[in-house]
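In what follows, chain A forms one complex with chain B and a second complex with chain C.
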Partner chain A sequence: MAAITSDVQVEVRRPRRSVVIGVLLVAWVAAYFLLSGIHTLPLGGQETTGFHRWLTEHRDAVGAGNLVFDAIRAAVDNIVVLLQNVLSQPSYGRPVPVIGWLGVVAASAYLAWAFGNWKVALLTAAGLGFVGLQGLWQESMDTLALTIAAVLLSLLVAIPLGIWAGLSNRAFKVATLVLDLMQTLPTFVYLAPLTLFFAIGPAAATIATLIYAAPPAVRLTAHAIRNVPPESVEASRSLGSTRGQTLTKVLLPMSRSTVVVGINQTIMAALSMVTVAALIDAPGLGQTVLKALQTLDVGVAFNAGLAIVVIAIVLDRVTTAAGDRPWRTASVRRKILLGAGGVGVLVAIWFSRTYVWAAEFPTDVNLGARIAVLAADVTTWVQDVFGGLTYGVRDAVTLGVLNPLEALLTGSPWWLVGAVVVAIAAVLGRWKAAVPAVVCIGLLVGTGVWQDSMITLASTLLATIVVVAVGLTLGVWAGRNRRVDLVIRPILDAGQTMPPFVYLVPFLALFGTSRFTAIAAAVVYAVPVTVKIVADGIKAVPVATVEAATSVGSSSWQVISKVQLPVARRAITLAVNQGLIYVLAMVVVGGLVGAGALGYDVAAGFAQSELYGKGLAAGAAIVLLGVLLDRITQAAAPKPHGKGEKQ
Partner chain B sequence: MKKLRYAGVLTATVLVLAGCGGAKVGEEQKPAAGGKECGSFNLTVSPWVGYEANAAVVAYVATKDLGCKVVKKNLKEEIAWQGFGTGEVDVNLENWGHEDLKKKYIETDKVAVEAGSTGVKGVIGWYVPPWMAAKYPDITDSKNLNKYADLFKTSESGGKGQLLDGDPSYVTNDEALVKNLNLNYKVVQSGSETALIQAFRDAEKDKKPLLAYFYEPQWFFNEVKLVKVNLPTYTAGCDADPAKIACDYPPYDLDKIISKKFADSGSPAVDLVKKFQWTNEDQNAVARMIAVDKMTPDAAAEKWVTDNRAKVDAWLAK
Partner chain C sequence: MTAQLEYPDVQDSDALLSIQGLWKVFGPKAQRVPRRPELAALDRSALHAKTGCTAAVRDLSFDVAPGEVFVVMGLSGSGKSTLVRCLTRLIEPTAGSLIFEGEDLVTADEKRLRALRRSKFSMVFQHFGLLPHRKVIDNVSYGLEVRGESKPDRRRRAQEVIDLVGLRGNEQLYPEQLSGGMQQRVGLARALANDPDVLLFDEPFSALDPLIRREMQNEVGRLHREVGKTMVFITHDLTEALKLGDRILLMRDGAAVQLGTGDELVGAPADDYVRDFVRDVPRADVLTLRWIARDPRPDEVLDGPELGPDVLVREATRLVLESDRPVKVVEGGQLLGVIGDEEILAVVADPADSHWSARPSDRPAT
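Showing the complex of A and B:
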């Protein structure tokens, strides 16, 4: 038991701390045997507390009809409808959108080439052609319209906020807290109320997406600005630049590539919301996925999921290429080519407005049906071949690890769990970690869903440990080997953007409805981001440092453990942190496959009006768990010595 | 080099000319949808196939026979009810109970009105896969469930038998039932209809024991004929105190709800929606075409309407 709960801290502990924590955990287990079963604060599935009922009653108090909200709704609706008219829906009295498929493909490829390079332009054309062949052109364009609207609005809010948080320490602290909240608060908690504020329709869907997708852009913009060397800023100041000039001429250009990474992450997050937003009638591929799942049609769901992945990969590669592109003015030759290309695009658009074949994607080759059949066959095969084995794995892990851990957390009196957590926080991070721990534990008890929180915490801890272990292994491997990186990156992108709903059905077939299934789904979702961050961290280790280590005869293992991992430790802390947040983001999805507890409470609150308050409280509990674990892992991370933090 | 350029220009020209063949956009104008008197209405589509069957048929008839424009909105039930208030939903074709919401939106807020029964009977209860009912004939009586509790143990049920509960959309009395009927079972939340159906599918295929909460009408009965376990018979009022329930779920008369605004609009579609009624078999037939035969809802509706013209004419008061 002790080994499990302390694993997270293993690589960062100092000898004395580890002893103290070990003693604490042993004492906890001993106390558990004496005190188990008392003060465990249970609450049955349909039971609510007074606080929950109060929340339920006051839900509508905030309702629609507010002028500000109406104005926002109208504006956002107009933007989305405009984009839909251009890309996807019959509009302005014509049976087809303003720009048909040929025009969209030509214009997208042209933009990819102009801002990126010809490789991503080819990829763009191929990707869009592929989703067209899948028979999902219109749905894809609806999704694209909604994503573009959500991303543009996100950036409109996120970049200025990110700059502010980059320049001001106080704004940075507040922003971090709010962003954690936005990323961990389950969408289901605010999806229904959003339709009260912004009515059913594109606006509510776009704003739900925005809430989830904006944080990465804020975080990375702030991060980039804070990491501009102070020397550059001082040099600019000493030359007499104003604050505005310093910002536009020094800070922003120097942080450009990191800001683009933020934009990129925002796009990915927006695409991962496509299915959830479909629950409030957001148009596009999400609808296809949900409809297919009503009849457990894995094939069709996979086909639509694949289209989302393809769009994600295209957008990711184009933004990455745009970020890497050196900032320089175009040569005359390039200007001529750009002009010629522009004319070509206009011709293509004219075609797509004039002729049916260029306006509506031809349906002769329906690749989608074949992909669907293939996916369904593969799923059946995997289920038949591995079915028995997977149940064995599930039972072994559940009985051997998960059940004891959960029993310890749920069976101990709440004050005992609280005391142990606060003590661990205090050992690791003094009062800076202990105070948030006390607050979080207190609020968790206040939510009235303490026992469900502990069940979810047990699964979360287990999932996070697996995510970190897998993420570190794959991340180091990919960081050290370019070819591996090239191969696994599309798979990681798929894991991040393939709607979890698509792989839930095969997972259910393999592992049944259980907490283990939920853990497996969370691992699939959270591993990619962890691997990516670790790989980038390892790659950023200066080549000279690695070579120096190799030249004195260090083995690969020594280079990794003594040089690369320590140097990349900030990236690794971030990776652990993001892995954790992604696992928590999947708690609600886990609730849909048998994890019960907080995830189920949230889903039930979304579906049953009388449980709304409880669902909201459960959502808050997920956030509190996130903040608590975040503060403890941050405190456990090694402090940067000397010149880590500037100013 | 020059030749190459000419070749390029030539290919481009040929391509452009070739492209100029083919139909032009807007050449075959569809006849403008007439039926001004019907106008358009917003129809919510709840996320289950049976509902989609209702929606498909009503939308088909309203469009073809009355010339209405039907805007379908895919919404969860709770949000659809909210939509009556905000004016974005006009018609709900299959409502499962929801007395609390009726009270709020019909009695208190007065934004919605009842539009009669759909004729479909809803059943909620506990079910086992058919192989179990065949092998253990007395399992369908809840009194014998304790005898079989060991069969239903899983990694989630903590040593007791597992009763798998389902979609969070429905109120369940199962925790109270297990307690009040002294059953040696633990309620485990599967959390979604998807999970329930997959569990039943595997249970029947691999002959695994499963006891779970389920409901009819449901397209899945076309695939596996689940067998209902009889709980103590429902009598009016036996479910008055949620904590003391020890009887079966009440039979549900599924009904239609429309917005006040729509009801007062005088559109012929209002009468259609009010008169729309069919049976569980009818709904299952259409649901089966959508779920199993993979027809589009519109094509399934067309087929059913053609085969059942008399019923449709009755809705239209022809």
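Showing the complex of A and C:
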């Protein structure tokens, strides 16, 4: 019953919605010509509002001397320092870490073999060897130490929470709500307030990372537990198991592979956040990339970026292989080999503590310098050869689309922009979207960085449009064609495992520092997730439905437009939503390469203590933009059909 | 209620399991539905419209005798799977009582319930409900493991039931390495392992191929003869119900429509729903002579062959047709009636949709 009525409503409402929004936009442009330049709330780069100064003043008051925060910080610091001592930093009166490179490589490969298979063990050894040859051993180990610390702490919290949310409906609802909200918060937004409480440095970086990395593990653990076939659980209960027995003997073992997927995502998220946390003075590869970006040294940035990618691939492959391991218990032969391997690892560690050659990575082959020079040469060549073309594209897009859009947003009175946004929200989602829109617009004005917000919004909208166009095209293609999917998916996976910093490097080479560079990087960052969701949505359309459409003589285009896209509409809305969030997440990184506006404000807030308050406000503005766009896209999504559909 | 059922008086019966006034209502404030007569009387859609609740089981009462195979049959959505889960409170009943060996299970606490599940009841599931991360032998011994038996004990017992259900040689395999039929044998072995008094089957064979299904039905029949457990068997397959069930409870929309033996359902359907349900059943395979015997006509010579009243029509056909005199149906030396060619042919050559209805000369005792 419910299904029928809502279908009818959608049919009637859809054309009207787009007409109303079109009229709104035309009216806005008309009003812009009349009203441009008044009530635009500008604020110069070094200017601050009273609110910003108030935040700056209270930074010390909140941060210093708070026993709880200091205790957390000290505890996390201890863990990080311990891991750094073991892996990366001179420690305990010795000029080298506790375990030298040979021991680390041996132990990592052994773990990869024990939990995964020999292929990923080889990959691990090769990958670690490679970053060593790049001359980045110590930086890599710092990154690894921070990642391990953050992942361990994350899982310590996330897995029990996930189990709880898996078992209790109420906990699941709350967790979903909180996690959804956390996902809409762009990465950098965590950083600003955290520095307030934990100062800057490895501890704050680790805490930011663990907050950022925990959600996938919670989500997937809960998901895994809830997806254990109910009959297995009933069978266990029907035989008189206690709750504990059902949990440990049925639910957890049967959730294992999905939980490992969650752990994989947590590790990847942690790695990317650890590199980004270079902004708050976290040690490691991110620091190298950041410094190189600041000096526009593309070669060095590329070398370090490559090391991050290599580590990301190793971690991803190993955890994926661990998740794919079958249920079977180890054979006797494997047990013996595992034991022998363990002894081998201990020997390697002993060597790495005894001989300098096994402790410090040899620097004879300086692959890193060669890679840096090569990358710099290629960059120069590309700029010489394609400079005209790439700069031409950049300028055309900037002048033709970005500037007018930005002018419309920044030049209109704030109340006009607010009114249009609220009206669009109301059209798409009635009061459920309109109320959050009013609140967000109000708070955005309150942050004092209205105009910067509008600049960022212009870039975000443009990037999102491109992301959606590319994502839909590739996603539909991959969803309909298995071979394309097989080719594209590893590339997307690789793309998703790369930390955001790394994206900037090639674009910096191609387009120089500009808003366009940031947009291009954001597009590349957001496309993989969009393509994946669309492709999965298209693939989930029942085969029988597609066959039925084909059997009545639909053309490919008709099948796509009349069957696959409408059926996959929820997935597509989700893809648009996620694409937006990912674009927004790149805003701060984009600020480093000339996007300015909110991203720059946040970065400047980290760097200059008198701008701290403004940076915090800009961070809040990014969140508000995120919530605003998220609510509006969610509201545009079709509602899930009611129970009536079941009948 | 679409049919008036005569339930035996529970207090006097020697039933192993006695279900009385059982309700399961899903939805907000479900308890009020059984309590308030005006709500309890509503049909499915009216109830849902008025309260948002769905009654999956409504006011069921029946007894299961020791050693009996009690079949609950109904189409999907009739509440039969919910019913079987209520019996061990995998789903909490909304109202009613479940008397097992004089104890009301509805009032049992968590600990007592666990103890009962560990030793008195076992269940076999439609999709097997096996644990994919455990080998066959560890699946079978799971119930013994959770009740804390030592490893050698549970190995020995598991091996026994594995042999019993014909799984020998597969102990070290994982469920995914077995065919559907073999997986269900694991489910069966697991249920038998803790030597329960009552075995509950929730459509155990409906996920299997027809051939395997028949094989497994025979297997259950064999096990029933060998171990003599009481069984409550849920199915939507009438042939299966008739084949296995001592008695059959037909459910519709959560309520009982008819309770009786297979030949009663076929021979004396309580209403049009049941009649429709059993329409395609070959009557000669189900009805006994008792159902078609008639009083002898005055001119008939009563020196024909004698047969018992519980002989199936199918089995008697040849003898009746070959005899030139009516066959006498005799029970305990008493003549119940006679059967001639026309009675036999009316059943054997019966066009399936004719509105033929038998009136037994003497209703079989239930």
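Here is the rule we go by: the second predicted complex is superposed on the first by the 417 of 647 C-alpha atoms of A that agree within 3 Å, B and C clash if a C-alpha of one lies under 4 Å from a C-alpha of the other, contacts with A are read in each partner's own complex, and residues count from 1 in each chain.
Keep in mind that, in the parts below, contacts are C-beta pairs under 8 Å (C-beta built on N, C-alpha and C of every residue); 3 or more make two chains touch, one makes a residue touch a chain.
Treat the numbers as computed from the prediction; the structure is a model and nothing was measured.
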Seminar exercise, completed: Comparing chain B and chain C in the superposed model, the one touching more of chain A is B
For this session: State whether A:V250 touches chain B only (first), chain C only (second), both chains, or neither.
Result: second
Exercise. Touch check for A:I280: first (chain B), second (chain C), both, or neither?
Worked result: first
For this session: For A:A568, select first, second, both or neither according to whether it touches chain B, chain C, the two together, or no partner.
Result: neither
Exercise. With the two structures laid over each other on chain A, which partner does A:R94 touch: chain B (first), chain C (second), both, or neither?
Worked result: first
Exercise. Once the shared chain is lined up, is A:S238 touching chain B (first), chain C (second), both, or neither of them?
Worked result: second
Problem set entry | Partner chain(s) touched by A:T398 [first = chain B, second = chain C, both, neither] | first
Exercise. Chain A residues touched by both chain B and chain C?
Worked result: none
For this session: Name, in rising order, each residue of chain A that touches chain B in their complex.
Result: 44-46, 64, 94-96, 100, 192, 195-196, 199-201, 278-281, 287, 290-291, 293-297, 347, 351, 353-359, 387, 394-395, 398-399, 403, 504-505, 508-509, 512-516, 591-596, 599-600, 603-604, 606-610
Seminar exercise, completed: Note: in the complex, chain C contacts chain A through residues 85, 88, 90, 114-119, 121-123, 125-134, 142-143, 145-147, 174, 187, 190, 194, 200
Problem set entry | Residues of chain A touching chain C in the complex | 229, 231-242, 245, 249-250, 253-254, 256, 327-328
Exercise. Hey, which residues of chain B end up touching chain A in the complex?
Worked result: 16, 19-20, 22-27, 30, 47-49, 52, 73-79, 81-83, 86, 88-89, 100-101, 104, 154-156, 164-165, 167-173, 175-176, 187-199, 201-202, 206, 219, 242, 290-292, 294
